[in-house]
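Only one structure is covered here, and it is reproduced in the block below.
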Amino acid sequence: MADPVLSIQHLVKRFGGLTATDDLSLEVLPGELHALIGPNGAGKTTAIGQIMGEITPDAGRILFMGEEITRLSAPARVRRGLSRTFQITQLLEDETAEDNVALAVQARSGHGFRFWGDASRDARLREPARAALDQVGLPKARWAIPVADLSHGERKQLELAVALATGPRMLLLDEPMAGLGASESLRMTEVLRGLKGRIPMLLVEHDMDAVFSLADRISVLVYGHCIASGTPERIRHDPQVRAAYLSEEEAV
Amino acid sequence: MTIHRRGLLASGAALALAPLGLASLARPAIAQGAPLKIGMITSLSGPGSYLGQDIRDGFLLAVEMEGGKLGGTAVQVMVEDDALRPGQGKQIAERFLKNERIKLLTGIVFSNVLGAVAPDVLDAGGIYVSPNASPSNLAGKECHKNFWSIAWQNDSLHESAGQLATNLGQKKMFILAPNYQAGRDALTGFKRLYKGQIAGEVYTRLDQTDYAAEMAQIRAASPDGVYQFHPGGLGIAFLRQYIQAGLLANVPMTLASPSMDSTTLNAVGDAAVGINVTSHWNSDFDNAASKRFVAAFQQKYNRLPTYYGQQGFDTALAIGAALKGTGGKVDDTEAFYRAMKPANFESTRGKFSFGNNNHPVQDWYALKVENVGGKPALVTKDRVLTNHGDAYASQCRF
Amino acid sequence: MALLLEQLLNGIQLGVTLFLLAAGLTLVFGIMGVINLAHGSLYMIGAYAAAVTATATGSAILSLLAGLAAAAAIGMLLEYVVLRRLYARDHLDQVLATFGLILFFNQGMVLLFGRQPLFVNVPEALQGFVRVLPGIDYPIYRLVIILVGLLVALGLYLLIQRTRIGMLVRAGATHREMVRALGVDVRLLYTLVFGLGALLAGLAGLMAGPILSVQPGMGEQILITTFVVVVIGGIGSVRGALFGAVLVGLVDTILRAYVPGLLRQVMEGSEADALGAGLASMGVYLLMALVLLVKPRGLFPAHA
Amino acid sequence: MRNLLRDERSWVVLVLALAAFIPVLAPMLDSPATVGLATRIAIYAIAASSLNLLLGQGGLVSFGHAAYFGLGGYVVGILYAHYISEEPFLGFIPGSNDLLVTMPLAILVGGIGAAIIGALSLRTAGVQFIMITLAFAQMLFFLFVSLKTYGGDDGLAIRRVAPMLGMNLRDPATLYWLCLGLLAFWLFLMDRIARSRFGRILAGVRQGERRMAAIGVRTYPYKLVAFVIAGMGAAMAGALMVNYARFVSPDMMHWTKSGELMVMVILGGLGTLLGPVLGAAALVGLEYTLAGLTEHWQFILGPILVVIVLFARGGLMGAVRRIAGRRLPHEAQPLPPGELPLGELPSGELPREPARHG
């Protein structure tokens, strides 16, 4: 078996009396699309926050490409190739879609202390940005629109484009389908399928159709603890998972 | 689209030229043969604004008593508020000098505002007659033919208090003032004529209102007397806390007039009885000019005039005397100087003359707070200093 | 030694006054997220109302009631008319609008009551001194201020920890959305909290009246120090406000009393006094900067 | 969008070009003091525009900007005092009354001051940041109040200014054109910075620190550099103000002065190029006009400010653009009452360590 891209070992995070992450261990292998599922409040977003360095865990280790990154800041992790999308989109609302992506390209290039040239006319930023927008399938007509005027689905696409523009060696996707209509969901699923194999991904998602059609492996999180991990087939038939999660989901 | 853009350009143009419009708006029309304009810049907002108000009221009273004239010349007094900000004062002065073509200015209460305004006025060939602030530089090295001080040079206030403390036989004094130039000058001035020993010297904060810590220090030092200089509201707060701390009964206080005026006295009440004050004037002065002034002021404003009111009044009288001499002209500053210098006016303080540096030479009196007819009042006692000028006059060369 | 103890009492008394102002400010800060520069104006209004009533009626009780009522009423009116519209705005808009209110209130007091400072006497019953320790006589009135301040602190503690309103206030400081979700009339809660803050500011103002001079602009002299207290204590935390206020009161008083003396040991007298006074003034700001550098959210942050 | 920005630049040029005629027009309108008023406006416009780099571009609410304004002023004042007394400052820096010497030094000192204060203050965020910048400014204020040597509270007067490059700076029109020229230069610089890579990052910091971290940007150095540039601009304005007023006092660094600079920026339109200039003109002009009408001018000015905040979102530029039927680029989305205010978002939403950069 190849060395894992990402390895989480015995991660613990408590908020007051609430244990949001409870001895969580997880591995993402090269090229793998690993889905993280679980009921609301299971601690999926908190886990992503810790992997990205936005939240400091109380215990445990995080290894990326074999290097321990547990104490690194979020920007340092991004520079090492981790990139995430947000469930509630975190975009620069006053800027256009293209500007948002171009800024991520610029961040990757690292040349931020340039005070003179007009960044909006810099082909070294614009071209990779357009490529990323193209890749996620945002129609060209929408590129020059301020983010505040984009639809929810378009914003979700843009989130992914921004994450891609940082040149990731791994993607953390926090509910990319949340709030999308059926056709939008399908389109997003196709975009992710296109990326699959090239970039390893950790996918947090409630849309079970998408998860089961995309994932190589699935881990199930309940109360911050991983109760099961395995192929979609195994997870589908895991009695514990059915009891804790799927049945509840069907009952709704 | 083009229409919009034109609209924007037009509004941009309007804004660029707005200052011109504003400036002309703020100017009243000038009629031919109009009265002589006098510019008064004074502090009318913020803490201590009642000082500016009294200066203004005293000045305007003198004008009113002469039927809108000073020294036979019809005058129009333009009053503006410097809000105790040097920049604001300077801006007003510039407008007075340039737009209104006013040559004669007065009114500033605080020396930091004066520091910003006086050089402009003097360099522009204007005349400034100060009803209050007179910092040492303008009395000494940087004295100017067209700068006149009517009240006193700042230091004299404190020198007279130092003399009084010596006269009263106080051997060990505790002295306090706020930490700004006038405050530091005050303590220097006090020490100049005080012969005894300094038990403690404390600088308070200009924005300080609670003096409990200082009271404790005074008590611990157990001096023979306390001298403090806190103008306006600060002085009131200090004095009340001094009394509340029970110190006045044991440690007598000597003050210069800015720290004990009739407003302060109203505020402090009976407890102030026994405080020693030095001043160049008091509302009980037994001369005709003073009596006339006090009566008129009380009738018009329904309150007893403070020193500031008197200074504003005397300033107007001094200007009146000069105008009489020049026939109402201020353009020839040399002529104005010659007419002003003899101080041909009936000062409310009796004797008054200008020293070589255009600052007053006058007598200083000891006053005491006493109970008069059931109310505390300042009662004039003896003379402390006679024909007292200031320490800087010798450095002055026009 | 006696001097030091007296200075400590003075520091606590100043601290308690600051606490009364800071408590309201920190609640408004913490719950509504509003920077209210006009809080000092409410202090001034309380002082003015009490001073005017005392002069007119001579009654200390009436003057107390008038001061509290005026501050609370104008505070709630202010919340209703202006501040309510600022909750959703960013801090910049709040600073600008409340800066405008300061100008309005200060000049309003000039228009209503003139520029002469007003005065109130210490109520008869509270004049005089009490021997707190052998050799230390301390003004009764200042002791009463300390006592009132501590009682208010206790009352606030009980209100916040033991009552339903307090529960909502606590929740409001940490979980705004939750309070809304509980179906509470948030607008009313906000108005009440603001009124309470204004009431406390008015209380501080009317108690300070007999010590200081009541004049336009008196609020701003203490406002910035109050902000220092709130930030040191941790925004939204009443406990932090009490702790911060007493700390600031003590530091300010002790520095003022002792720094010039220390400097005199190393430099010429009048220079030392002038510089010492300056350094003492900088003291509380230095304290705040140090606290924030170590604990960027203050000593007792409410948003844990 | 791009058209609109191009438009804004063209208005700037137009406004400045028209403003250049003031010294010619003022005597014709029998209002020579207007040149002085316009000089003050131009100087405040530079200071406000420098603050706008922090407030409008970076979303950093600094409540102590007058500190750098005053520092710049004091450099000029102190060097002048040593020039007159002929004693070198600190024993080795000779005094000067030449603006070519004093102004670059003022800018340098302002930048150093901002670097020190910024390096410490930027470790905090939100309200704490507002208050810590205020605290540092207050410290400087009290320091200069207690500096007896340099006049303390009463300040220093500067009686004679040396001619600069053959220009007589005592001539109001010359000084005005100098200030206007520097304002034009400064606005040009601000425009370039706003469009540069650095400016894009700063705009990103304003709109979402979290997003910036997620694309791998450590924001602290960028914020610090913005702080230093803004401090240098304010110091330049301060140096000009002292040359104009021929007077410097701690009043220049009082917290109300910081407040006034903020008022100018917001009044004119946050984050716009021309806004701070319009804001400076409006505030100085309002004060001037109202103070000429009534001594109770603050009673009128106060409510005007409140009304502007409540009803004229985006300041004067917002109003101009609304009249022109265009969207303001930075106009914030209105939140329903009771929602989390924008300024709280970075610190309030996620429980995370605030001081990670360092």
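Labels for the chains are A, B, C and D, by order of writing; each one numbers its residues from 1.
Note that in this section contacts are C-beta pairs under 8 Å (C-beta built on N, C-alpha and C of every residue); 3 or more make two chains touch, one makes a residue touch a chain.
Bear in mind the structure is a predicted one, so any value in this text is a computation, not a measurement.
Visitor: Apart from chain D, which chains are still tied to one another through touching, counting links that pass through other chains?
Guide: So the groups, chain D excluded, read A | B, C.
Visitor: Quick check: more C-beta contact pairs at A-D or at C-D?
Guide: Pair with the higher count of C-beta contacts: C-D.
Visitor: Starting from the Cα centroid of chain C, hunt down the chain whose centroid lies farthest away.
Guide: Max centre-to-centre separation from chain C belongs to A.
Visitor: If you average the CA atoms of chain A and of chain D, how far apart do the two points sit, in angstrom?
Guide: Here chain A and chain D have centroids separated by 41 Å.
Visitor: For chain B versus chain C, what separation do you get between their C-alpha means, in angstrom?
Guide: Computed value for the inter-centroid distance: 34 Å.
Visitor: Any idea how many Å lie between the Cα centroids of chain A and chain C?
Guide: 48
Visitor: Can you list every residue of chain D that touches 2 or more other chains, as numbers and ranges?
Guide: Residues 145-146, 148, 152, 296-298, 351 of chain D touch two or more partner chains.
Visitor: Counting only residues that touch at least 2 other chains, which ones in chain C make the list?
Guide: Answer for chain C, listing residues that touch two or more other chains: 106-107, 110, 270, 274, 277-278, 281, 304.
Visitor: Run through the chains and report each pair that touches.
Guide: A-D, B-C, B-D, C-D
Visitor: Chain D touches which residues of chain C in the complex?
Guide: That would be residues 29, 33, 35, 82, 84-93, 95-97, 99-108, 110-111, 176, 180, 186-187, 190, 224, 227-228, 231, 235, 270-271, 274-275, 277-279, 281-282, 285-286, 288-289, 292-293, 296-298, 303-304 of chain C.
Visitor: Inside the complex, what are the residues of chain B that reach chain D?
Guide: Listed in rising order, the residues of chain B that touch chain D are 4-5, 7-9, 11-13, 15-20, 22-27, 44-45, 79-81, 83, 85-88, 90-92, 94-95, 97-99, 111-112, 115-116, 119-120, 135, 179-182, 184, 206.
Visitor: Which residues, counting only chain A, touch chain D once they are in their complex?
Guide: Touch list, chain A to chain D: 15, 49, 52, 54-56, 73-79, 83-84, 86, 90-96, 99, 102-104, 106-108, 111-120, 122, 125, 144, 146, 148, 162-163, 165-166.
Visitor: Could you list, by residue number, the parts of chain D that touch chain C in their complex?
Guide: Spelled out, the residues of chain D in touch with chain C are 55, 61, 63, 120, 123-128, 130-132, 134-136, 138-139, 142-143, 145-148, 152, 255, 259, 262-263, 266-267, 270, 296-299, 301-306, 308-310, 332, 334-344, 347-348, 351, 354-355.
Visitor: Touching residues of chain D toward chain A in the complex: what are they?
Guide: Going through chain D, the ones touching chain A are 1-2, 192-193, 195-201, 203-204, 207-208, 210-218, 221-222, 225, 329-330, 333, 350-353, 356-357.
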